[in-house]
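Think of it as A, B, C, D and E in the order they're written, each chain with its own count starting at 1.
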Amino acid sequence: ETLTVSSWGGSFRDLIDQTIAKKFTEETGVEVEFITGGTIDRLNQAKLNRDMPESDVTFTTSHIGWLYTNDGLFEELDMSKIPNAENLVEQAKISPAHIGAWAYVYTIGYLPDSVPEGMTFDSWNDLWSPELEGKIAAPDFDPSHIISVAAKLEGVDIENWQDASEKLLALKPNFKAFYTNDANSQQLLSTGETPVQIMLSMNAYHMQSEGLDVQIAIPSEGAVLGVDTMGITAGTDQEELAYKFINAALDPEVQAQIAEIKKGSPVVSNAVLPDEIAALPGIFTTPEQWESETLIIPHDLRAEKTAEWRQWFSENMISNN
Amino acid sequence: MSKRPFLGWFSLPSVLIAFAIAASFIAIVQYSFRAYVPGSLDPGGFTLDNFTTLWKTVYGQAFLNTVLLCLWTAIFTLLIGYPLAYAMVRAQSVKLRSAILLISLTPLFLGEIVRTYSWIIVLGNRGFVNATLMQMGFIDAPINFMFTMTGVVIALVHFTLPIVVVMLAAALSHIDMNLERAATSLGAGRVRVFASITLPLSIPGIAAATSTAFAWTFSAFATPQMIGGGKVQTISTLVYQVGFASFNFPLAASLSLVGLLFTIAVLAIFNTGIRRLEKFGAHS
Amino acid sequence: MSNEISPSVLQNNTQHPAVQIDGVGKSFSGTVALEPVWLKIRQGEFLTLLGPSGCGKTTLLNLIAGFLEADCGELFINRDLVTQVPPHRREIGIVFQNYALFPHMNVAQNVGYGLRTRHVSKAETAERVREALELVKLGDFADRKPNQLSGGQQQRVALARALVIRPKVLLLDEPFSALDRNLRTAMQVELKEIQTRLGLTTVFVTHDQSEALSMSDRIAVMSRGQIRQIGSPTDIYDRPQNQFVSTFVGDANLFSVTLLDRDETFVRLTVGETQLQLETYQDDLPEPGPVTLFARPEQCKLTQAGQAGSIPATVALTVYQGSYAEVHLDCAAADNRVMQRVPASEAPSAGTKVGIALPSRGPAIYKLNGEVE
Amino acid sequence: MKKSLFDHLLDWSGRVLLTMILGFVLLPFLVVFIASFNDSAILSFPPKNWSLRWYSNAIEYRDFGKGLINSLKVSAIAATFAMIAGSGFAYVLNRYDFSLKSLLNSILMSPLIIPNFTIGLGLLILSTAASLPRTIWLVVAVHVIIVLPFVIRSVYVSLQNFERRYEQAAESLGAAPLRVLLTITLPLLVPGLISGALFAAILSFNEFTASLFVVNQGTQTFPVAMYNYVREYADPTLAAVSVIYVIAVAALLLVVHKFFRLEKVLNVE
Amino acid sequence: MSNEISPSVLQNNTQHPAVQIDGVGKSFSGTVALEPVWLKIRQGEFLTLLGPSGCGKTTLLNLIAGFLEADCGELFINRDLVTQVPPHRREIGIVFQNYALFPHMNVAQNVGYGLRTRHVSKAETAERVREALELVKLGDFADRKPNQLSGGQQQRVALARALVIRPKVLLLDEPFSALDRNLRTAMQVELKEIQTRLGLTTVFVTHDQSEALSMSDRIAVMSRGQIRQIGSPTDIYDRPQNQFVSTFVGDANLFSVTLLDRDETFVRLTVGETQLQLETYQDDLPEPGPVTLFARPEQCKLTQAGQAGSIPATVALTVYQGSYAEVHLDCAAADNRVMQRVPASEAPSAGTKVGIALPSRGPAIYKLNGEVE
């Protein structure tokens, strides 16, 4: 008997394997198998295989989780079967069908020795500096961060993001590349290809641990909050085990391990972290931190707009450089 | 007596395979005229939308990139491959010939991933070339190879080189040495012998090698994907992206189809051109 | 063209050799292809290198041409030391086996190639190409591609191409080996006529003895990287200096005889029971004792059995050859079967007892299994 | 031979050019060799600390092991199938005239110019339309299609050089067609068949682009596993894999060279 | 083995032909390789197909063997119609050029192959292979692979392999063309000896006229897909029925003469000024008027210039051939140069005026540019 988990490949799979799956297997004796892939790829695949789901539990980003939910690909969660969810922070309760597993921010990571002397990124506006021409990278799979930042800087409501398109286009010359996955982001940084990135905090910490001198800046406007979530695949015949798996994920010790290994912020309030980890930007241990340090794009709006943003972004920002 | 023993049995497996090939080709043609239904693998009704979509800049740019990549790769591969093939066939020492053969052949059996990955390490901003040049003080800032046509072409040249060398060497080795000797005895120096005898007689080999280089480059996926990093989109990377990120098989199919027709057209034009060129050598 | 070449060649036809080879030798990675060779080729001479496959003929030719670099020795062409001169400045003309015509050029372009490399003007090139093609009777074929020509025509184009540059020496490497018998004979005659007319110094490589005998001024018979004998065709055929030359060139009947003694002009010997006295051209003879005596079939005669001075033999079989019949004889005194030619109508039937009369002068005497002394 | 200054220049520039080209060919492998021993996940030249950790990682990483086994399976099966189908067809092509022969030939040879991604996509669409699961057999089918032209060509060439008189001699001695095939034709073609199969297996083992379209997690081949690794990890484990790969291939070629002489195999002498 | 085969062959040596070819012809995609041919091959006969390259020899042989299917006509082997019988059931033995020994089998396996296909028991196979190898004097070579044998030994294995199955007909397609002159002669003798001993019906293909003349009972001379003449070697050589045969087999001197008239035994004709009367073997002669007269060099004689009845000629060149010299003569009455052979020592120098005496009997007379009537 095995439980099949759909997740990102690489270090995210390893993370889940070493923490949540380990705990789950200890408790149930059931082995965990993975199917891996990019966020969108797996969404598409899940749609195609809705009659014969390939996985029992699916990890995905909060707003994409909404797409699963809206499409009926997730089962509504019976929270009573997840005792550990009692301590779940508000920001991690995404929808009736998917809840957070860990949190992080997308923010500015940079190599101090490869940017102009003294540049510190106190504000997102610093990204627009002409001195950064051809130095920046951002994800090609999710433009929501920079779009929401631009909206905020222009003082327009995110719903009217189009009004910030001038601002966005002004940033175009500073982009060098758009990374396609987490490893790609790390490579671009470690090779100095793009010394400034709008990047996942967890990845930046990982690079630090490998000895790369990368600084993580939290601009005054806040960093863009992200929550990676879990849901139970509709139509699974392993529902009980799936609940046990999700419960294991929210175990305070497991959450602490996740913070320790990959610097993902716990999503339960009762996780106990060492001070030096708790102090890291992008790790939230108090409700205030969840509020003050983050720039939050409403998940459902983000879900709704993702396709539109991606198309605009790839046609206007990525292509034709 | 059975005049053609085994005809049936021997052709049966390949007939089945031919059916599979034909069927998958028909599938592609068929899909390319069908509508994309988001979230479904089953295509919608018949439409020409896919082909109108191809007029968008992204796709046009990918076509242009692919052509340029093929062109530059073919040119540089020839320029590098010809001397190598020549040395492989004509070097005096047997050891040197064997060494050249092994060195130029090994990459042929390494696959696209290993070789592309290696080039990333060579060409990156902190890669071997830039690190070395910077440490030696030749440059202050790294030269950009990654995410540029230049970088992709360098890796593609390396990728197509072995097959081109093998084909050129085969052509060169079949040129009768006595022809070159005859030219020498008639007073031609080495450069002239090469220009008036060796080169013209190897044109069929050059043609074959170039069209193969073209087909390989056209087909290459990992190299533009990994080194181009999304900045150098080609037909192959787009087909994959369209097919697997949005599961838009009809659009991917129409891209493939147009790409294929395009390959055939280019090879046809190229072959006619070469036939003209072959007549050219006689006047030198 | 012939008008222009001949006089210059004739003027050069002085004392010094056209080609002088002084101890030139060549090995390929350990195996000796050519032992050091000394050889002088006279002005206007037609010299043939004759020998079995692999004996070093092509190697020697390539050394003269400069396509190979000698391991040792020196090479002169018209008194100039050319050992260090690259092939394209040696002013040699070459005709290869299969001709090596440039397949991408037409006949005129092929023939004109050597003139273009010499930067001869267009007009003069055209004129000389025309003359050269006239010379080989291919005036009308200037525009053909080599693959549109017959073997014989190709051969003539190759010849024209080599001649038009007025080479000091013409080298030919088995140029006829790909032709059938009739064409071959015709080509031999044509080549010889042109060569004689122009007085061209020519080195010709072949393994065909009849070709060598019929065309050459002198023949160098080679085996295993050595020149075994040099001389005029009659020297080679009538006075071979060793067993190799005697059997490689022409048919040879070899008898086991006992050498008794010799004086100024005669040798005396016994063959089986028969005692004979023969005139000999040889200066050095082996020691008295068992030796091998060599005679051409046409030097011997078939006689009645028991005729005085004849060696007894039995007809083993006769082979009809049209213009004559070969009679193969078993003979106690001969190492192998002895062969004689007779008119087809006179062929004795198998089993007939006959005699073989040795010639009174001419045959050579070698050490047993060996070389002439 | 004494050479003019020009000839010397020509020789030297030739040598320099050759060295540079060989350097270009070898450069990535030398660099990857150095990088594979770099202790840090961050690329730097020259590496500051050395270690073998990426080698042990490469060996322990499960996807590589699985991918390797998949690739060995796929290439063995695909080469065998291609061999059977290809040599049969080459025989028929060489010996007989029949209607549709040239059409069949064009179809079977077309993968030489059809880009691999098109082949992959085509079979993916086909298998989806036919509701076939994405098993290893789908990967095998794609590989058979891709390597088949090479097998056909190599066997066809062997057959063209094949001395028909051996078969005629056997026939004249009373051997019926099947017996001729089994006792004469096949044994004499064995070297050609083996080298064709070997070549097919190597090609299949390295095939990446088309495979990418038709594999899934369970059937991913070694090259796909490597590609996914690069997409998912930013460390030099793949450098270690590459070094092992290069050494294995070079060793294999050296052995082949010793026994068969590559010049001959490749027809470049 | 020989003990077993010979009697059966002898018993069969009755009236009916071993091979009968009735109007068999063959075209390849439009070009005619063989015009319909009628031919009967007698039991135990050695028949040679002789002709230039491409004349259809191999085609005819392959039709007999069954490797090709005839377009028309019927083929009988020992009275059985075999036109539709596949090769492996025709019971023929074949020896190919280069022998086609199976390289992956040793000598014994090669020789035993045909017995294994006939399901002969192991013991009998071993015995018959041993006998066959004895016959070709290769008893000690059973375990060798073909590449460990000399050319001559290979040839004998090929022969043993073909003979061991006791074929009704033995077919040989230029089996000696790859051998050098000496080995070739030796092999010819050996083959002929074995063939005669076993009384084997044999069809032999060659383009070498001397080989054909020396080995055959009858020769079929072919050109352009047709048999131009069939007959014994002396028929072919001495009484060629057309100009093709006369020039292809042996050397021919052709004179332009005017035929005056003939009676029972003699023809009268004029050659230039000279009037001659000759005996002829021909039944049909062309109409009186200009005709071509054909004579072998050895039928003619070189005489002093102006000798009565001789035709005037001038020596153009003499070609030394070792055992003799060829004298090529310009002669007003001849279509081409006339060739005569003389002992090398007697060769006249170029320019000498001589006469040519035609034989008083034997020469053939053809229509102008054409065939015998």
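Simple rule for what comes next: contacts are C-beta pairs under 8 Å (C-beta built on N, C-alpha and C of every residue); 3 or more make two chains touch, one makes a residue touch a chain.
Bear in mind the structure is a predicted one, so any value in this text is a computation, not a measurement.
Participant: Which chain has its C-alpha centroid at the greatest distance from the C-alpha centroid of subunit E?
Facilitator: For subunit E, the chain whose C-alpha mean is farthest off is A.
Participant: If you count the contact pairs for each chain pair, which pair has the most?
Facilitator: Max contact pairs: B-D.
Participant: Centroid of subunit D to centroid of subunit E, CA atoms only: how many Å?
Facilitator: 54
Participant: Can you compute the centre-to-centre distance for subunit A and subunit D, using the mean CA position of each chain? Integer Å is fine.
Facilitator: About 40 Å separates the centre of subunit A from that of subunit D.
Participant: Please tell me the distance, in whole Å, between the geometric centres of subunit A and subunit E computed from their C-alpha atoms.
Facilitator: Whole-Å distance between the two chain centres: 93.
Participant: Please list all residues of subunit C that touch 2 or more other chains.
Facilitator: Where subunit C meets two or more other chains at a single residue, that happens at 86.
Participant: Mind pulling the subunit B residues that touch 2 or more other chains?
Facilitator: 41, 124, 126-127, 189, in rising order.
Participant: So which stretches of subunit D touch two or more other chains?
Facilitator: 7, 42-43, 177, 230 - these are the residues of subunit D that touch more than one other chain.
Participant: Can you tell me which positions in subunit B touch subunit A when the two form their complex?
Facilitator: The touching residues are 39-41, 56-58, 61, 120, 124-127, 142, 146-147, 229-231, 233, 244-247.
Participant: Looking at the complex, which residues from subunit D come into contact with subunit A?
Facilitator: Residues of subunit D touching subunit A: 40-43, 216-217, 228-235.
Participant: For the complex, which residues does subunit E have touching subunit D?
Facilitator: 65-67, 86-94, 96, 98, 100, 102-104, 113-114, 117-118, 161-162, 165, 167, 171
Participant: How about subunit A: which of its residues touch subunit D in the complex?
Facilitator: So the residues of subunit A in touch with subunit D come to 8-11, 13, 34-36, 180-184, 186-187, 190-191, 207, 210-212.
Participant: For subunit B, which residues count as touching subunit D in their complex?
Facilitator: For this pair, the touching residues of subunit B are 2, 4-7, 9-18, 20-25, 27-28, 31, 41, 80, 83-84, 87-89, 97-98, 100-107, 109-115, 117-119, 121-122, 124, 126-128, 131-132, 135, 158, 161, 166, 169-170, 172-173, 189-191, 215, 218-222, 226, 235-236, 239-240, 243, 249, 252-253, 256-257, 259-260, 263-264, 267.
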